[in-house]
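Across the two complexes that follow, chain A remains constant while its partner is chain B and subsequently chain C.
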Partner chain A sequence: MRREAPRHPLDYLPIAFPGLMLVVFFVVPFGTMIAVSFFRRDPAGFYAPDFVFDNYARFLSLFFANVLGFSLFLAMTVAIVSVALALPFTHMLARLPRKAQVVWLVALLSVLSLSEVIIGFAWSTLLSRTAGITNLFVWLGIMEQAQALTPSFGAVLTGMVYQAFPYTVLVLYPAIVRLDPTLTEAARTLGASPLKAFFTVVVPALRNTLVATVVMVFIFALGSYLLPQLLGRPQHWTLSVLITDQAIYQSNMPFAAAMAVFLVLVTLGLVAMTVLIGRKGEA
Partner chain B sequence: MKDILKTSVSRRAVLGTGLAGVSMLAMPSMLRAQDKSLKVGVYGGYFKDSFDKHIFPEFTKATGIAVESVAEPTGEAWLVQLEQAARAGQAPADVSMISQVAMLKGQTTELWAPLDAAKLKNMANLKETFINKYPDGRIAGIGAVSWYITLVTNTDVFKEAPTSWQALWDPANADKLGLLALVSNSFLLEVTAKSFMGGTNALDTEEGILKAFEKLAEVKPNVRLWYRDEAQFEQSLKSGEIPMGQYYHDVTGLAAADGNPVRSTFPKEGGILDSGSWAVSRASQKGEEAHVFIDYMSQPAVQATLSRKVGTSPTVKRELLDLTPEEFAAVSSDIDPVIPRYDLYQTKSDWLNQKWTELIVG
Partner chain C sequence: MDSIFRKLFFGAIGLFLALPILVVAGVSVNQKQSLTFPPQGFSLGWYGEIFANPEWRNALFASLTLALTSAAVAVAIALPLAWFLWRRIAPWANFFQLLGIAPFTLPPVITALGLLTFWATAGFYGQPWTAAVSHGIFFVTLPLVTLSLGFSSIDRSLVEAAATMGADDRTIFRTVILPLILPYIVSGYAFAFVLSLNEYIVAYMTVGFTMETLPIKIFNALRYGYTPTMASVTILFVATAAVVFGLIARFGDLPKLLGAMAGDDK
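Moving on, here comes the complex of A and B:
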């Protein structure tokens, strides 16, 4: 189907509403945030309109570089683990009978309805010493003594992957369902094992989808600030946690805004880089 | 900006918003149009619930002024909202319960309408420390309630109650502590200064503060949880998962009364005495009613009711109260308390916050 280029101003009407929403709910708030990030902080009170770079200067330190580095590393790990788990899962799901697929998808959607707080508390109980899964291991005779698995990096990662997994499946699902099954069949006929067919046919065919999914989950995970607090030690706190501290508890809006702007810029930069690398690979 | 504030309110506020709806349904009398009314901000959740139940209906009965209670978030989020609203000439609440650091910060922008001592006869009942004054002597706020943060333990794990804050430093308590995550609400610098450096005056200089930070760094290996969310620590304390820490004396007492294996101890160096004050937004049009409300709240009988029903420590002098020794011990102590250095969190807040974050995250 060929689409005609819009010739009349009225032809733009269908996108006017989403465009307006984008301006009202994204461009304006983000613009406000950028403006506030240059305001002058008054430690004894609030902030005053100004144009200073102090807030960015404070952020440029080894301490915040480490926190930012950890946040990016954590989000990337969550994205890769989620996709690595969700890809084989979705691939198998797509080959189940229609009814079974619906049941699985509804179950996954219901996980999405859980708030971050509930997920955090549930995992901190599951991983605790007094009521956690290690008690089950002790009962089964696998472990000597129940122990606490939280707070730890593993606990943060588990909680965040749990939260990101349904999104990952839902993003991968349409692409995998549409994947031509004859491709795999051809590979099998030519003598490839199911595993080999999966890695040499399915994965390369989905390459762009996979990259897009990793980017999406990465951005999703970068904003997480509750789970690192609930399941991690202070060294596992993300930049989002420190932004919240500044905005809510220190009422230092300019600094919080500067950190948030920086986080957004770094994220956009990384996404752009991923897209560029993807393009080059295609050429 | 406002969206950020709204999405990340504390547990007290989240509970409060829900309770606000419930209590309006439960008390239709408060919604009835009356000639005189007042919007009062109190910390959402347990506080607001208790005030709606035990305090506001009695006040309306006594004075004919209807109260519309507003759930406010703890911390400084409410201060920011009040200030921004006042700039636009609005008052989301006429009278608000305000923390001491927020009280000082609000003074720098003249957010609080000065109070008239002549209209506050009961002000004489209060302890002098609970009257907030502008540098030039005008009254900015009046002590509403106070509460203690004490050393709490799980009785199953610790058969003997600890006697000193120094227990936090004991190597035997490795990975067993739950402490508040922010410099401005944990007041651990003051605790360190009083326990090891002879008093909170040691924090007068930056060298003194850095020394306190150094001493405090020794606690880190003992800390399992730095909490912002009260529910998170309370649950872990009850189950024994995290058997020691700092927590609110009133809530711990309620949990113990419910049969949980927890206890709150006033260490020999004293519990941390924090408080909230009533302050009136300069944008409020209800100055008269606000004075009547603050004066009513400063009566010994009302303060005693608060101690019995809400579990807060009175701001009125001990000898004016009809509390029995047991009732007094349940909410307070005669041990000289650790008084937070609120002035530091106003003048050095960013520096302290940075050092503190580097201490616990680094």
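Moving on, here comes the complex of A and C:
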């Protein structure tokens, strides 16, 4: 059946329900959040309607600049580490026999679907003094005494890379599977070492994909809200943690909303930048 | 690349992915109520605790109900939308596709906060059904992506043949499209189910004060009193995800579902 434009009013019926649901429960809540970001805080309830810029003005503080700077730095570090690990991994994965690929994909999906609560709990256990990996080092005689490796920046970074790695592989996977294997073969035939072929053929061929992946993982990492709390100290808190904290524990929904709107703008700005870079690369 | 290097690299990544889960599995079989590793003694009592302890049992029940209903909501939204986008030429409808993908692409805290302000303003804050709707919207991306993929793989000449023989849209959908699209509906539902089971922030912001799902329960236990039950629940979750995705892989084409072209590497 060819695709045709809807003619009869009844033809629109199938999209009525999804459209309505998405508008009522996504667009309207989004609008509500933007509206609330201009409201006043009401200590007795959630908020009081108003039109003030106070919530945005609070951004102009050193504390906020620090949190924002740290969030961006952390997310970028996670993105770069994840892509650096996932690129060679996915490249090798795509060349495995099909059955082995499926086993790895199931494992990656299982880890990816894990709750941040669970990842945080698992890593805090692994890095703890009583149940942690240092006990293994003591047993092996590498270390004198078991010690706690969390909370620390390293713990936050490790936990977030753990969370982002499967995501990165799954984002890279389609592009790498479609990459023409004869490219690498040609380079190898001409005498390039496997490593040289990887860096001079595979990496440049995937340049746009890699930039897009870094941005996607960056946004993914920007959304991490529990790991910095569970594995880090307060100075490792990110914008996402701060938003949750303000909304739930400080009951300051207008300020939380203003920060969330800001986070959306940062995210959209990055997406737009990537699209532009992608277009330039194609031209 | 060298096969030894490859094996080492795969081994290291595998260890990195498995290590936290192995330690948690060890903790979950402790005999006493302590989070120690290697475990002291061996007991499966903490797995029984998930069902025996009313608090954990209620949380499990709440999580399962939420995941089952919200995945159904997600599919109910995604199926007609994906069908419409496939059947009709309507460029404006792409806007709704974008809306369906946005909640999953933005940092989750944004969707969560948007829904929190919305339910609070509408006066339904804390009602259990709001969590099902919220998760349904939040995870609509997953069935939408699998279904779009499914529709694009349907051979249009099959549908054309049915239409030529006089079948109307409804008959075609029931007799031709539905059987072809069913695996994609199932996998979309399964993806949404597993992710909803594990989701924390949206559930917490919408119903966190009235209802405890398992992730919320684990988080509260992390702050107010460790118990090895947390570890056994974690292993239960990992096992559930592995079984669900394993089944999808067994009965479907997982590499294709994840965006690789079918038959590429057979």
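Here, the second predicted complex is superposed on the first by the 240 of 283 C-alpha atoms of A that agree within 3 Å, B and C clash if a C-alpha of one lies under 4 Å from a C-alpha of the other, contacts with A are read in each partner's own complex, and residues count from 1 in each chain.
Criterion: a contact is a pair of C-beta atoms (placed from the backbone, for glycine too) under 8 Å apart; a residue touches a chain by one contact, two chains touch by 3 or more.
Treat the numbers as computed from the prediction; the structure is a model and nothing was measured.
Touch test for A:T244: chain B only (first), chain C only (second), both, or neither?
A:T244 sits against chain B and chain C alike.
Now for A:H8: first (chain B), second (chain C), both, or neither, which partner does it touch?
A:H8 sits against neither chain B nor chain C.
Taking the superposition as given, does A:R279 touch the first partner, chain B, the second, chain C, both, or neither?
In the superposition, A:R279 touches no partner, neither chain B nor chain C.
So in the superposed three-chain picture, is A:M253 touching just chain B, just chain C, both, or none of them (first/second/both/neither)?
After superposing on A, A:M253 lies in contact with both chain B and chain C.
What is the contact status of A:R41 with respect to chain B (first) and chain C (second): first, second, both, or neither?
first
Considering only the touch criterion stated at the top, classify A:P29 as touching first (chain B), second (chain C), both, or neither.
In the superposed model, A:P29 contacts both chain B and chain C.
For A:M92, is the partner it touches chain B (first), chain C (second), both, or none of the two (neither)?
The answer is second: A:M92 touches chain C but not chain B.
Look at A:A131 in the shared chain and tell me whether it touches chain B only, chain C only, both, or neither; answer first, second, both or neither.
Once the two structures are laid over each other on A, A:A131 reaches both partners.
More residues of chain A in touch with chain C or with chain B?
Partner touching more chain A residues in the overlay: C.
In the overlay, answer first, second, both or neither for which of chain B and chain C A:V67 touches.
First partner only, chain B.
Of all the chain A residues, which ones make contact with chain B and with chain C?
The overlap between the chain B and chain C interfaces on chain A comprises residues 29, 32-33, 36, 46, 121, 124, 128, 130-131, 230, 244, 247-248, 253, 256-257.
What does chain A use to touch chain C in their complex?
Spelled out, the residues of chain A in touch with chain C are 1-6, 11, 14-15, 17-19, 21-23, 25-30, 32-33, 36, 46, 85, 88-89, 92, 94, 98, 101-102, 105-111, 113-126, 128, 130-133, 135, 162, 165-166, 170, 173-174, 177-178, 194-195, 198, 219, 222-223, 225-226, 230, 240, 243-244, 247-248, 253, 256-257, 260, 263-264, 267.
Once bound in the complex, which stretches of chain B touch chain A?
Those residues of chain B that touch chain A are 1, 3-5, 8, 73, 75-77, 79-80, 83, 104-105, 108-109, 181-182, 184-185, 224-226, 228-229, 232, 235-236, 239-241, 346-350, 353-354, 357-358, 360-362.
Tell me, which parts of chain C touch chain A in their complex?
1-2, 6, 9-10, 13-14, 16-17, 19-21, 23-24, 26-27, 34-38, 73, 76-78, 80-81, 83-84, 86-90, 93, 96, 99-100, 102-103, 105-118, 120-121, 133-134, 136-137, 140, 156, 159-160, 162-163, 172, 194-195, 198-201, 204-205, 208, 215-216, 218-219, 222, 230-231, 234, 237-238, 241-242, 245-246, 249, 254-255, 258-261, 264-266
Write out the stretch or stretches of chain A touching chain B in their complex.
For chain A paired with chain B, touching residues are 29, 32-33, 36, 41-46, 58, 63, 67, 121, 124, 128-131, 148, 151, 229-230, 233-235, 237, 242, 244-245, 247-253, 255-257.
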